[in-house]
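One chain, chain A, links the two complexes that follow: it is found with chain B in the first and with chain C in the second.
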Partner chain A sequence: MVMKNWKAYLFILPAFALYGSFILVPSIQNVVYSFFHWTTLTEGTFNGIKNYIELFKDKVFGLALLHNVIWAALTILFPLIVGLVLAVTLSKLKSRVVLSTIYFIPATIPFVVSGIIWGWIYNPIFGLLNQFLRGVGLENLTRSWIGDRKIALYALNILGGWTFYGFCAVIFMSSLQNLDQSIYDAAKIDGASNLQTFFHITIPSLKGTIIFLMIYSIIGAMKFFDIVYITTKGGPGYSTEILGTYIFKLAFRQQRQGYSSSVAVVLLILVMTLSVIMLRRREK
Partner chain B sequence: MNKIGKYFFLMIFIVFSLLPLFIVILTSLKTEKEMFSNVLGFPQIPQWSNYGQVWTKSGFNRFFINSVIITIPVVLIVVTCSSLAGYAFSKMRFKGRNILFFIFLIGLMIPVPSLLIPLYRNVNGLKMLDTRLGVILPQASIVLPFGIFLMRTFFDGIDDEILEAARIDGANDINLITKVMVPLASPGIKALSLISFMWAWQEYLIPLVMIREERIKPLTVALDIFIGRYSTSYTLIATAAVIVFIPITIVFLITQKTFIQGLTMGAIK
Partner chain C sequence: MYQKNVTIKLCALIVICIFIAFPLLAGGTKPEEEAMERPAKAEVITITVWDQFGYEGLTAAGPAMDKLVEIYEERNPNIKIERTYVPQPNIRDQLRIAVSGGTEPHMWYTWPAAAVLASYARPGHIIDLTPAANRLGWFNKLPQLIINRNSYKGKLYAYPTEQDYMLIYYNKDIFREVGIQVPKTYKEFHSNCKKLKSAGYIPVAFGNRDKWPATNGLSYFFALMAGRELQEEVWFGDTLWNNPSYVEACKEFLDWVDRGYFPKGFNGIDFGEANSLFMMGDAAMNFTGTWMIEDFVNNATFDLGTFFLPQIKPDLPQATMMGEGSQWSISSRYPKDEQEECIKFLDFLMSEENYKIWIEEGSLVPIVKGGLNWDMFEVSQVIKETFINGDKMAQVNGYDLHTTTPESVTETLYNNLQLMLDKEITPVQFLKAMDDSWKKAKAADEIWVP
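After this line comes the complex of A and B, so read on.
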C-alpha cells in the first residue's frame, strides 16, 4: 500500500506498548525471577538453578503436570468429538442456528458461576446427580463427586467440557459450511454410506479445524485455573492440583515467588513447544 | 443414525446445556426450604425479594457497576488498539512486519498463570495495586493478541482497490480510516467488542490478584467471596450467580450471529 512506512509503526505502537509492558516483559522477568530466592517482594538472592533442581524432586509439581496432561487428553476426547458429531448431525437441519446457539450458551457463563452450579449437581447430599442415580436404582454409584480423590479431576473435567463443547460444535459447523458440497454428492452417487463419508471425506477435509481446536484445547488445558480454584482449590489432597493453582498457591499463599516462577517458566516452555509442534502439523 | 436417534442425541445435549442454568435460575427464586424439598420443580411463589436482598443489601449493585467500569475500558482499548494494529498488519508494508506479527501471536499461547508474579510486582511498582487501572491494563493486554489477529483477518478480506479508489478521490489517511475503513470493518469491530466484553466480564484471576479492596471488586471475585460468607444460603448464592452471568448470556443471545462469526473468523482460515 501507498501509506508511508513510519505510519505503520505508529499504528502498531499503542498495541505494542500495552502488550510489551504487560505480557512480553513479564514473561522475561519471570525467567529471571526463577533463578532467585525471594525473601520479600523486592529483595532476593541469586539462587542459580536450585529452584529447577527442586522442581525435579517435587512430587506435587509432577502430579500437577500429570493432571494438566490428563485434562488436555480428556478435553480432546469429550468436547472435541461431541462437538464434531453434533456439527455433522446439525449441518443439514433447519434448526441448526437455534440449536448451536443453545449448545454455545454454557461458554458464556463465567467459571465462577459454572463452578457453583456444578458443585451443587455433584453435591453428595442434595445433588442432582446422586438423586438421579438413586431414582434409577443405581444407589451404589452415588458418591461425593468432587470430594472423592479418585474422580474429582474427571468430575471437574465434565464441567470444563460443558463450557467448551458448544464452542467446538460452532467452529466445526462453520467450517463444514465452507466445504464443497459436490464431493458429498459424488460420494452419494458412488454409494458411500454415511459413516464412510464421515471418515473419508468429512474428517480429512476438517483436518485444519481439528488441529486448530486441538491446539486451542491443549493451550486451554495448560493454562486453566478458575474452574479448579473455585471448586476444589486443588483438593482433596492434591487430587485436582494443576500447574495454574500450584503457581498461584506458591506465590500468594506460601510466599515462595522464586520457586513459583520456575514452575511458571516450565509451564510457558511446555505450552510454546506443544503449540509449535501442532502448528507445524497444520502447515503440512 | 436414523431420525429418532438423531433427535434424541441432539435433545440430550440441549438438556446438558440448559439444565444446570435452569437449576440455578429456579433456585434463585425459591425459599431455602423449597430448595431442598424440590430441587427441579418450579417455586410455589417466586421469591423476587431474593434479588432485592442480593442487589442492594449485599452490595451486588456496586459490584455490578465495578464490572461495568472495568469491562468498558477493556473493550475500548482492545478494539482501538487491535483495529489500528490489525489494519497496519493487513494493509501496510514495512520492515519487520512478519516478525512483529509473530511476536503478537506468541501472546495467544502465553498462559496467564505464568505471568502472575511479575505482573503483580509491576502493577505494585506502578502504584496501581487496588486500582481499577491495575486490572484494566493487564486484562486488555491479554485479549490484544486475539484482537489483532481477528482484525487483521478481517481487513485481509477487504479489497485494496476500494482504498485506492478513495485515495484517488483525494481522501487523506484520517478520512480514509474514519470514512472508509471503519464502516467497512464495522462487522469485525462489533464482533471483537462482543468477544472482548465477554472475556473481560468473565475474568477472575487478574482481579483476584490485583484487587484486595472490596469496594472496587468486580462481580466474579465478589461472588466467590459471597459464597464463602453465605455458604449455606443456597438461594441467595443462586441469585448472586444469576446476576453475574445473565448480562453476558443475554448480550450473546441478542448478538449471537455477529458473535459467532467473529469467533469462527479467527479459527478457520
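After this line comes the complex of A and C, so read on.
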C-alpha cells in the first residue's frame, strides 16, 4: 500500500516532518517530562506520578481550570450569538462585504496589541470607559475594571470576545450564503415569521458551523494566554489566573518544568476529549 | 507487504524515540562535561555577550555599552566582542533556556541576584569569580551587602553593577502651589499628603497591575520598620515572615491605601501609567526607584525633586531599599582562556576610568563602596543629590524582596501582596502564605546562602 502511494506520501512528508517536529514530538516529550522533577538548569529526576498527585491538591490549578471553564462558556455564549445575529443582519444588506470587513478588524489585531489598548480603556483614572461613564452621569458605575478581582475575569472576557465576534460573523456569513434560498421561499409562502425562519431554518441549517465554532471557541478558550498575561498577569491575586498563564509561570517563572508539563497534559486531555465529543456530535 | 509495514512502523518508532530522548539526554548536563575543547589557537577570540542595555526607558545604557565595546576592541585587537541586546524581561527566560540547551553566550548581564543567581551557581553553570575578585581588587570596590547578594556559599558568582534605591520623587511646582516642604518627619509626610488630597491631587502615584511595584514598596517599609538585622534573621535564620515588625510594616503600607494616598483602583494601573500620572501632574509624588531617575530628569516638564521617607520608628534609623539593578556573570561552558578574557573585559567595563561613560552616556550609576565622587561627573543635580543621600544610609539600607527570594516564593509574594492591598487577605494571612512558601523553598534547597 505504502509503495503503491509513495508519491502521495512523499508530498505529505515535509508537512508531516514539520508537524512531527514541532507538535507531535514536543507533545509526547511533554507527557514524558510530566513524570519528572526538572528545573531546566539541573538534570531531571524521575518522580513517577507525584506531579499528578500534587495537581489534585493544588488550589491555584483548580481555580485556573474553573476560570477556563467560565471563559469557554462565556466565549461560546456571547461572541457566537453576537456573530450569528450580526451575520444574519448583514447578509441582507448590500454593504455586507464592507461592514463585515470592519467587524472583522479586531480579529486581525494581535492579542498583545489588543491587550495594551484595552488596558488603557479599562484604566480607572484616565480610561475611556470610566471617562464615558462619568460623562453620562454614571460615576457610581466607574470601576478599576481589571484591578477589581470580582469583575476582572469578565472584563477580560469582553476583550477576548471583542477579538472573536467578527471572526464568527464572517464564518456564519459564508455559511449563510450556501443555504438553499428555496427553503426560505417555501417558509415565506407557508407564512413563517422572520423569527420562526431564524429558529427553524437558519439555526438548524447552520448546525455544522455552530459546532465548528464551538469547538474552535473551546479550544481557543482553553489555550488562551496572551491577553490575560499582557493585561493582568493572572491578577489581582489569582482572580484571572487561567491554565495558560499558570503553565507559563510554572515553567518559566518558577522553573518547575515537570509540574508545568503535568498541568499541560491535563489541558491537552481536556481539549482533545471535548474536541472528540463535539466532532462525534457533528457527525451524527 | 506485512514485513514492509512492520519495517516502516519500526523506523518511525526509532525516529520518534530519538526525537524524544535527545532533549532529555542533552538538557541539564553538567557544563564541565560539555566544556568545549579549544580548537587550534585562533588569532582573534570572540566573546559573546548578552545584555539588557537598551536605548530608551529602563536601563538605557546601550550607547555607553557600545562605546565601551569599541574602546576595548581598539585596545585589544585580538578580542572581538559580539554583543546582543536582549530586552527586559525576556532576557531572563531566554538566558535560562539557552543555559539549559548549552547555547548561552560567554557572559551576560541580567537580574536578579541572590536566590535566582544561586540557581545558576548551584549546578555549576557560572564560574566562581572569587579568585578574580581577590586578584583584581573587586572586593575593595563593592559594599559588603552587595557582595553577599551576588555570592553563594561564600563564593562570588556575579559582578553587581547598577546602584538602586527606593525613594519618593516629587513635583516641586505642586509642593510650592500647595505650600508644603520636603517632610523632615513622618508626621509631616502625612500632613503633606492630607494637604495634597484637599488640593485635588493624588498624593502618591502608584500602580500595581504588574504585581512587582508593590514588592518594592513593601521592601521600603521593611527597611524602615523592621531593619536590615531582622530581615537577615528571616533570610538566613529561623525567624518567621509572620513576625510583629513585618506585620506592622504591612499595616503601614495598608494605611497609605486607607488614607487614599494612592490612585483609586491602583491594582488596575500599570507601572507606566502610574508614572504618567506623576509626569502629567495629576500626582504630586511617585513611589518608585532610582531606575527611573534619568527618564524623569530628562522628560519632566516641571521642577523635579527627590527625597527619602523620614524615619518611622524611633528605634530604627532612616533607611531605604537598596539593591543592584543587575549583574554580570560568566558561563563555565567555555575554555579557561576564554573565561579569562571575559574576566578581563568585565574588569575593564567596571573600572573606575569608565564610570564617567556609564553615568554620562548610559545613565547608569555603578555601585561603589562609600559612594562616588560626584564632582567628576556632569549630571543633573537631582541625580547627584539622590545618590549621595542614598549612599549615606548604605550601612542600614534593607533588602529588595523580589530580587532576593527564590522564584517560587516571588510568585506567592506578588499574588498575595496584591490581595493584601486589595483587602482580600490580612497582613497576617499574607505573611503566613509567605512562611508556607518559604518553608517549601527551603525544603527544596532553593534558598540563597551568601
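The criterion applied here is as follows: the second predicted complex is superposed on the first by the 276 of 284 C-alpha atoms of A that agree within 3 Å, B and C clash if a C-alpha of one lies under 4 Å from a C-alpha of the other, contacts with A are read in each partner's own complex, and residues count from 1 in each chain.
The rule we apply is simple: a residue touches a chain if its C-beta (ideal position, glycine included) is under 8 Å from a C-beta of that chain, and two chains touch if they have at least 3 such contacts.
Bear in mind that the values here come from a model prediction, so they are computed numbers and not experimental data.
Asker: For A:I109, select first, second, both or neither according to whether it touches chain B, chain C, the two together, or no partner.
Answerer: After superposing on A, A:I109 lies in contact with chain B but is clear of chain C.
Asker: Touch check for A:F199: first (chain B), second (chain C), both, or neither?
Answerer: Neither: A:F199 stays clear of chain B and chain C.
Asker: With the two structures laid over each other on chain A, which partner does A:I117 touch: chain B (first), chain C (second), both, or neither?
Answerer: first
Asker: Counting touched residues of chain A, say whether chain B or chain C comes out ahead.
Answerer: Counting contacted residues of chain A, the larger count belongs to B.
Asker: Taking the superposition as given, does A:V25 touch the first partner, chain B, the second, chain C, both, or neither?
Answerer: both
Asker: By the touch definition at the top of the document, which applies to A:K233: first (chain B), second (chain C), both, or neither?
Answerer: second
Asker: So in the superposed three-chain picture, is A:I146 touching just chain B, just chain C, both, or none of them (first/second/both/neither)?
Answerer: A:I146 contacts chain C only, not chain B.
Asker: Touch test for A:R256: chain B only (first), chain C only (second), both, or neither?
Answerer: Second partner only, chain C.
Asker: Taking the superposition as given, does A:I247 touch the first partner, chain B, the second, chain C, both, or neither?
Answerer: A:I247 sits against chain B, while chain C stays out of touch.
Asker: State which residues of chain A lie in both footprints, the one left by chain B and the one left by chain C.
Answerer: In the superposed arrangement, which is not itself an observed complex, chain A uses residues 1-3, 21, 24-25, 29, 41, 120, 126, 252 for both chain B and chain C.
Asker: Quick one: in the complex, what on chain A touches chain C?
Answerer: For this pair, the touching residues of chain A are 1-3, 20-21, 24-25, 28-29, 32, 38-44, 119-120, 122-126, 143-149, 152, 231-238, 249, 252-256.
Asker: For the complex, which residues does chain A have touching chain B?
Answerer: Those in contact with chain B are residues 1-3, 5, 7-9, 11-12, 14-16, 18-19, 21-27, 29-30, 33, 41, 82, 85-86, 89-90, 97, 99-106, 108-114, 116-118, 120-121, 126, 128, 131, 162, 165-167, 170-171, 174-175, 178, 194, 208-209, 212-213, 216, 219, 222-223, 225-226, 229-230, 243-244, 247-248, 251-252, 257, 260-261, 264-265, 267-268, 271-272, 275.
Asker: Provide the residue numbers of chain B that touch chain A in the complex, in ascending order.
Answerer: 1, 6, 9-10, 13-14, 16-18, 20-21, 23-24, 27, 35-36, 39-40, 77, 80-82, 84-85, 87-89, 91-95, 97, 100, 103-104, 106-122, 124, 137-138, 140-142, 144-145, 148, 160, 163, 167, 173, 198, 201-202, 204-205, 209, 219-221, 223-224, 227, 234, 237-238, 241, 244-245, 248-249, 252-253, 256-257, 260, 263-264, 267-268
Asker: In the complex, go through chain C and note every residue touching chain A.
Answerer: Chain C residues touching chain A: 1, 4-5, 8, 16, 19-20, 23-24, 27-29, 93, 96-97, 99-100, 119-120, 122-123, 125, 209-211, 263-270, 273, 277, 282, 407-408, 410-411, 414-416, 418-419, 422, 424.
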